[in-house]
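Common to both upcoming complexes is chain A, partnered first by chain B, then by chain C.
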Partner chain A sequence: MKHSVRQEQGVSIVELRGDVDLESSPDARKLLLDCVQRKMPVVVDLSGVSYIDSSGIASLVESFQLARTKGSEFSLAAVSESAMRVLKLARLDTVFKIHPTLKDGLSHGG
Partner chain B sequence: MSPKSSDTQPAVIKVRNLVTHYGNRMILRGIDFDVADREIMVVMGGSGSGKSTLMRHLLGLETPTSGTIDVLGQDITRLNTVQKAELFKKVGVAFQSGALFSSLSVGENITLPLAEHTKLDRQTMDIMARMKLEIVDLAGFENLMPGELSGGMIKRAAMARAIIMDPKILFCDEPSAGLDPVVASALDDLILRLRDALDMSIVVVTHELESAFKIADRITVLDHGEILMVGTVDEIRNCDNSRVQNILHRRSEEQIVDPDEYLRRLMTGRTEQVTVA
Partner chain C sequence: MSSLTSFHFRGAELARLEIPARAARLREFRDAIKKHLKKAGCGEQEIHDVVLAVDEACQNIIRHAYGGETDQPIVLEIRRDGPKFILYLRDFADPVEIDKIKSRDLSDVKPGGLGVHFIHEVMDQVTITPLDKGEGNVITLVKNVQ
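For the complex of A and B:
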């Protein structure tokens, strides 16, 4: 399954799917960075992600940092339990804005 | 899962009837050995017990005389070099010495496997390395050279490199050897955190009983190339097999050897198995 981008309520929604690992994370990274370049609020919907490794999380970190330099919003939604454990281990749960669901993310404007 | 039981978990490592010789000498004598998914298996044994040889076989560094070694579902005794290299991308190893390249910075050491095995962007690699350094409590040390690190920090950096590719299995060779108790205990905590957060199976070879009892789901006790016992911490702690207890408590061979066997060994040079009730 391919990742995708769509816009709703003035927010770019990046929907990542399947495994985001050493093989596939470069595609996710490119999509995320391209999206952040548009200076719109971004919500990354992780509900369709079955596995995300640290290369995928590194891509999220890089995109988040780029969004900050551009002054735009960047948040994560529907983070799986396993991904949350990795974020917590690296203390990144205190860095990212994390919404329980995509709907919640959209209601907060990204 | 209950980390104390491997009964319901698929094995990520399955060794059957592993026999290996160095010349005419039998080093491993029909080893059966399983490690379950998300299990921390500690391997203990004295010098010459075969634990290092077993580890080298599990890492595909040596070919056995006979037997099978399934790692993540593939019998590595049947794989060619390329297939083995592909499989072992999912396996991390933290060597006893750290095995860091002294001419490379800590960060360069940690990203080395990524540079060798992936096509990730440099920025991604650097962020991954910093994340792993955060995890092993070495944040901000990426630009130091290995020679500038303490023994405990070298072990942590080696751990960071071992997990940089998010391995399914992590091997740790004597992770707390030579460290003071506080640093050793912190490394034990790190091993437990890694298993819990990264869903890894971990094989630890150690002499340190306290460490083994703290981290192990199960302990395998090796002696003279054969498995004396496999059990949970409680089973091992409470077992009444004197050979097991002597090995765990590192009592000298002279204390446990059968006098007749010792004399025969001195006279003939034969190294037959000591039998202790």
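For the complex of A and C:
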């Protein structure tokens, strides 16, 4: 399943789907970093993520850190149960800004 | 794998799986493990966690033990010993230096280095056994189920 990017309300929405693993996380990383480089707020929709591993989490952390150095917004939204389990294992559920829904993320401008 | 004379395997074998050490083959490995654990009566959270641990261990085998993708095999035996699921994951790389395999400090937020932490966090027991030269390494992952 392909990951995708779209713009809505001045926010880049990165939708990650399926398994974000050692094979697919390089594509996810590239999408995320490209979006952050544009200096628009970024919301990552994780509702369609059925599995994420440490390489996928590393892509999110790297993008989050790049956004911070650029002073732009970076947040997660609609995190699937499987992805939330892994974020909690990494103690990152309190580091990322996490919106319960994508709509909520957009209304907060990322 | 059970033919190894220098290693003691516990429990009754539920499944034996083998893939080449390639990222593109990990998804089918995960799906097969899920299927066997579900058949053996594991709950959804236990299945997710065991699959995550095996997947992270496989990534470490690919990246560090083999030094990159290769057609060399990764072999998994899933065994059950009473309330314990025991997973033996074997590679055929040079013996690993156990002292170099460590979790990192999570308060330092940075990309990477989480795999070993995940494995230890979700499994009840983790052991790495370097075998005799040429025989590879065995990672033993134990999960106690309710």
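By our rule, the second predicted complex is superposed on the first by the 110 of 110 C-alpha atoms of A that agree within 3 Å, B and C clash if a C-alpha of one lies under 4 Å from a C-alpha of the other, contacts with A are read in each partner's own complex, and residues count from 1 in each chain.
One rule holds for everything that comes next: a contact is a pair of C-beta atoms (placed from the backbone, for glycine too) under 8 Å apart; a residue touches a chain by one contact, two chains touch by 3 or more.
This is a predicted model, so every value here is computed, not measured.
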| item | value |
| --- | --- |
| Superposition on chain A - do chain B and chain C clash or fit | clash |
| Partner chain(s) touched by A:72 [first = chain B, second = chain C, both, neither] | neither |
| Which of chain B and chain C A:86 touches, first, second, both or neither | both |
| First (chain B), second (chain C), both or neither touched by A:95 | second |
| First, second, both or neither for A:19, with chain B first and chain C second | second |
| Common interface residues of chain A - those touching chain B in one complex and chain C in the other | 21-22, 53-55, 57-59, 61-62, 82, 85-86, 89-92 |
| Complex contact set, residues of chain B against chain A | 114, 117-121, 123-125, 127-128, 131-132, 134-135, 164-166, 193-194, 196-199 |
| Residues of chain A that touch chain C when the two form their complex | 19, 21-23, 51, 53-55, 57-59, 61-62, 65, 82, 85-86, 89-92, 95 |
| Touching residues on chain A, where the partner in the complex is chain B | 21-22, 25-26, 29, 53-55, 57-59, 61-62, 82, 85-86, 88-92 |
| Complex contacts: residues of chain C adjacent to chain A | 23-24, 26-27, 30, 45, 48-49, 51-52, 55-56, 59, 62, 106, 109-115, 117-118, 121-122 |
